[in-house]
Amino acid sequence: MSRLEVTEKIITAKVMRGLKWADVAARVGLSKEWVTAACLGQMSVTAAQAGVIAEFFDLSETDQRWLMAVPYKGALPTVVPTDPLIYRFHELISVYGTTFKELIHEEFGDGIMSAIDFKMDLKREPDAAGDRVNIQMSGKFLPYKTF
Amino acid sequence: MSRLEVTEKIITAKVMRGLKWADVAARVGLSKEWVTAACLGQMSVTAAQAGVIAEFFDLSETDQRWLMAVPYKGALPTVVPTDPLIYRFHELISVYGTTFKELIHEEFGDGIMSAIDFKMDLKREPDAAGDRVNIQMSGKFLPYKTF
Amino acid sequence: MSRLEVTEKIITAKVMRGLKWADVAARVGLSKEWVTAACLGQMSVTAAQAGVIAEFFDLSETDQRWLMAVPYKGALPTVVPTDPLIYRFHELISVYGTTFKELIHEEFGDGIMSAIDFKMDLKREPDAAGDRVNIQMSGKFLPYKTF
Amino acid sequence: MSRLEVTEKIITAKVMRGLKWADVAARVGLSKEWVTAACLGQMSVTAAQAGVIAEFFDLSETDQRWLMAVPYKGALPTVVPTDPLIYRFHELISVYGTTFKELIHEEFGDGIMSAIDFKMDLKREPDAAGDRVNIQMSGKFLPYKTF
Amino acid sequence: MSRLEVTEKIITAKVMRGLKWADVAARVGLSKEWVTAACLGQMSVTAAQAGVIAEFFDLSETDQRWLMAVPYKGALPTVVPTDPLIYRFHELISVYGTTFKELIHEEFGDGIMSAIDFKMDLKREPDAAGDRVNIQMSGKFLPYKTF
Amino acid sequence: MSRLEVTEKIITAKVMRGLKWADVAARVGLSKEWVTAACLGQMSVTAAQAGVIAEFFDLSETDQRWLMAVPYKGALPTVVPTDPLIYRFHELISVYGTTFKELIHEEFGDGIMSAIDFKMDLKREPDAAGDRVNIQMSGKFLPYKTF
Amino acid sequence: MSRLEVTEKIITAKVMRGLKWADVAARVGLSKEWVTAACLGQMSVTAAQAGVIAEFFDLSETDQRWLMAVPYKGALPTVVPTDPLIYRFHELISVYGTTFKELIHEEFGDGIMSAIDFKMDLKREPDAAGDRVNIQMSGKFLPYKTF
Amino acid sequence: MSRLEVTEKIITAKVMRGLKWADVAARVGLSKEWVTAACLGQMSVTAAQAGVIAEFFDLSETDQRWLMAVPYKGALPTVVPTDPLIYRFHELISVYGTTFKELIHEEFGDGIMSAIDFKMDLKREPDAAGDRVNIQMSGKFLPYKTF
Amino acid sequence: MSRLEVTEKIITAKVMRGLKWADVAARVGLSKEWVTAACLGQMSVTAAQAGVIAEFFDLSETDQRWLMAVPYKGALPTVVPTDPLIYRFHELISVYGTTFKELIHEEFGDGIMSAIDFKMDLKREPDAAGDRVNIQMSGKFLPYKTF
Amino acid sequence: MSRLEVTEKIITAKVMRGLKWADVAARVGLSKEWVTAACLGQMSVTAAQAGVIAEFFDLSETDQRWLMAVPYKGALPTVVPTDPLIYRFHELISVYGTTFKELIHEEFGDGIMSAIDFKMDLKREPDAAGDRVNIQMSGKFLPYKTF
């Protein structure tokens, strides 16, 4: 699984040299959310983007080719994530999943929120009682149609 | 599982009489996101709130007591949801879960985004290329501490 | 699970009275593929369509309301289907799934074939060596975009 | 698992040298669907076909022998696929699987659509609202018989 | 699940009245293997056959209609069977499955033994050291073809 | 897992040199069914048999020792086999498992068919409509006894 | 699942009237181990035995017929038992399973200990440091044979 | 997993040099049951015992340290064991587990049989109809207490 | 499952009449931890205790008998709990399980902390930064012994 | 997975050189519970702490960087732990999980005990009838709030 090895190289470089996702994203000229997902093996990049990422993390030409290939997506080793941070998102779906469903159908009718035509923005929300994580998601609504 | 039966009564009333989550939320005086989750058996409500919900959906006094009890939470029948709308959220975690983890740690250090001290807002985002579902989430950051 | 009961009523009526999916589809004025999926609890219908379906299968007014509500989708009792006919489709994905992925990416780049903006047509293909099942699927390609 | 290593060699060669499945299929003289499945370790090929594939991807003689052996089939690492493109096909079976079953039985009686005596054709379907993926499947109907 | 209820009625009648599968098969005029599978909800029967079965087990006209419908097949409650008799067959596949695969491919090339165009015969094989169960299976070989 | 490596050596030798299971069985002087199972790591062999197998597949003395040790049995990587040929046997148990159970109990009473005191014979059955795979199984019936 | 209902009737009678397994076993004239297993739906009994059991637990004639039918065996609701007493046996296999395997093969060669031609005896073993549970198992060794 | 490697070294030495568990147990001066479990990575041993085992199987000093560390216990690769010998024990719990529970509670009240303060003895039981495997287990009864 | 019904009766009575676990525990004269577990179907009680509990929750004489029977233990509907409160305990084991293991072995050697000879105490721990849940567990250490 | 390798280096050093968790904790100046969890790959440490740990276990500079990175948490190889010591904690949740839930809600209302703002203390509790393991847990209560 060569793409996996590129992902591990990137993470190792980041840990060893103390790099930041925000910095590589700034150089690529796209959001930190998208660039991080791409570096973690979930998106494919253009040749130009691969060049920037390779320079930042000191990757080989071979590694760049893998970054440009469409990866087999899915980043988690287990169906129910064991990592406490990622589990909290899993719990949100377990607790609020039917709420998402009801409210989107109430507003839009039958269909889904696209996970492909999708973007998001994650930032710090200062708060006197302790700062908060703020995530804004935006996905195109796709209606079911009759045929 | 009596709470489950109350949830089913609420859904049946909603389907049969064409009620809206937004309307019951307005009467309760809280967000449609929280009130829907409560009606779907994921939150416990106060006696006053139970009264409003019971009137809206035509529930018995017994049903109101169940609404006030803390439920066993978790609304989905399978680990990987089969419903296409809810699955898209599962997919977002599968594809972006490690991205959430990396970016939150980069900004805040080791810890999690609380799924308890949490709120969200779901709305329509008009867009010429097709309207979008916009979800804003806000959860308190809880740091791991040494002991 | 009231919608499930409506599905069972429809199937019972079909078995007992020897009805045909093609006939109910003709009355609804849509494809047999979509109407069957709707009758089996996977799609929501308009009031007018519910009226036609209810008349055909002799359903109550309450049943019609359930047909108009958006269902919790997913029709199979196990992850790997035990029914031989449905399993063959599961096997096609197991054997050809990576082929679908490679060829769609080769033609379109990174993205998916929508399962929402999707239609299909299933028909008999006469063949001297034994007739064949012919299924034509058409789903909109949705590209991943950078953000 | 030597066959797996041949598959990985083929994928690596394809990514590194920017090869196309359509081109290797043209040289083999068969459909891109079948040849891609064979290269991905799901079909066995003749000595002549193995020669063409080996030349195209620069494989060793040992690799050719593996291409000619019948592989242990099944290409996906998890029962429910995590990759969004492949998952959409899984979802189609979850949502439409009982529809396939009902309509095939209505047309043909008890039996299955063969996944062995099967062929398919995948192509781009131009559409003003965004091009579509068009997949045509044809499988022999096999009736259950009494004995 | 009405078909399930017919199966339970048949089993109850058999237990209560001490009936034999061999006898109902003789009246239907087909093998005991096929008729038992049909009575247990795995095959669909003709109107005439349904009549014979209904008379034998004292079933209603409604029950007969269910016997004629194509059932959702798969008779076991768990993936790995807990019943010792049925588990032994599961073990045979676990231990000899790759042997079946190798020997069939050695004799026939790439393809499968059909589980649809299939028949079997189960009988007692007298043996001084203790009688044996003898099962003869015959399934059409279906070759994979190129396309 | 050294026994696994011996199995892989045997398979590689077979693929590379085009050997046949029937031939190694003939030299061992036992059925092709049993010898193939032994070579695939499911049975233990005598020193003499190990010698014949080692010569045939060009194995080391160390490999012979592993062939003589009782292996940890079970040859399939997943509970539900993904390989289409082996899956068909799994399907036979899913569809006919309760039929096996009923008919064996009708003939023999409570007990099982042994998967240990067991033998089988797999051969080609010529048929004008396409040749068939014929498998004959014979297992000792073991009755449950009271104590 | 009528047999299940008979099992529940027996357990209810036992709890309500404070009956003992040892007493019903004494009346049947067999070991308490076998009779308890039979009462719990894991063995089939003769007409005479059914009569004794029915009188003891006050069962109907219909219930007696179910006791005489061969049940679908397997008494636990989950693969890994949640009940602490039963789990300890599961743990013994997890920890000592490979030890059983090695020692039985060392003594007997390749084969198994039968779980069918099997009996056991469970008794109290007085001990100053606290009494012990003593279980003696005896199962026929069944060798694998070549064929 | 260094302890695992020591286990594999021991098994390899045993297979290659034809050693016996009974012999190493005799040298250690404890039962063959306990010593085999220890060699298979389920128990920790003293320095003196490690020395005897190391000499017997020709292990390094490093290996001895691992034998003295408390291992992560659990020796089987799957929850339901695929090996026929070990599966029979799993089946005994599936069939007799509730019987164990009922009889132990009848004799001792609420509590468990310890799997820690536990010993066992496995021996050959000569029998004219074929020798039997005899296993005697003895575990301390631990009562639940109120608090 | 009659014991389950008694548990549901108790919970319903508690919710409907606003009863407290602390109060029933006080009347029984034991800790609130043990009495709650007993009421929730995890412990068996004496006749006297059953009488107190029955009076408190207004249960029938039949219900009391069930409270006195040893239950099939295990209170959660899924292996990984969906309820956020209970999941946090599951997470503690996932994150700290190997820490528990290492520290207990460092202090006591090889063995376990008993979950049977076990008691606990749960109380509120006032804290200026927000009150805390304080749980004290005490379980007897049980050493593995050689035999 | 480089962090995993650091964990294995630490465990190997501990086993080979007979080190103690209590000693490394004393040098770090924090509790043995937290430091052990950190060494086992569940917590991230500061540069100064990494230096102390590296010196104690003789780790490289690269290893120190990994200790400072936030790990993917979750230390157990299976959902239900096979190790008897760790399983006992799993059993406590299975048996007492709903008791924890009821008593925490009775005392605090709807919410959870934090597994992040959490600390614990594990010690030996001398007892004439055999020493006990004593574990004190303290986690902040986090209430659900309306929004």
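We just call them A, B, C, D, E, F, G, H, I and J in the order they show up, numbering each chain from 1.
As a working rule, a contact is a pair of C-beta atoms (placed from the backbone, for glycine too) under 8 Å apart; a residue touches a chain by one contact, two chains touch by 3 or more.
Predicted, not measured: the structure shown is a model, and the values here were computed from it.
Where touching is counted per the definition, the chains common to chain F and chain J are G, H. A repeat of the C-F interface exists among B-J, A-I or H-I; more than half of the contact pairs are identical by residue number at A-I. With B-J and C-E as the two chain pairs, more C-beta contacts join B-J.
Once the centre of each chain is set as its mean CA position, chain B and chain C turn out to be 29 Å apart. Averaged C-alpha coordinates give centres for chain F and chain I that are 49 Å from one another.
Separation between the centroids of chain A and chain C, computed from CA atoms only, is 31 Å.
Averaged Cα coordinates give chain A a centre that lies 23 Å from the centre of chain B. Taken residue by residue, chain I touches two or more other chains at 33, 72-74, 76, 79-84, 91, 94-95, 101, 105, 111-112, 114-116, 120, 142, whereas all remaining positions touch fewer.
Listing the residues of chain G that touch chain I in their complex gives 8, 12, 15-16, 77-78, 80-84.
Contact residues on chain G toward chain E in their complex (touch as defined above): 1-2, 62, 65-66, 68-69, 72-74, 76, 79, 115-116.
Listed in rising order, the residues of chain I touching chain A in the complex are 80, 82, 84, 87, 91, 94-95.
Against chain H, the residues of chain G that register as touching in their complex are 20-22, 32-33, 36-37, 40, 42, 73-76, 79-81, 83-86, 88-108, 111-115, 118, 120, 122-125, 127, 129-142. By the touch rule above, chain B contacts chain J in their complex via residues 30-31, 33-34, 43-44, 70, 72, 101, 105, 109-112, 114, 116-117, 119-120, 142-147.
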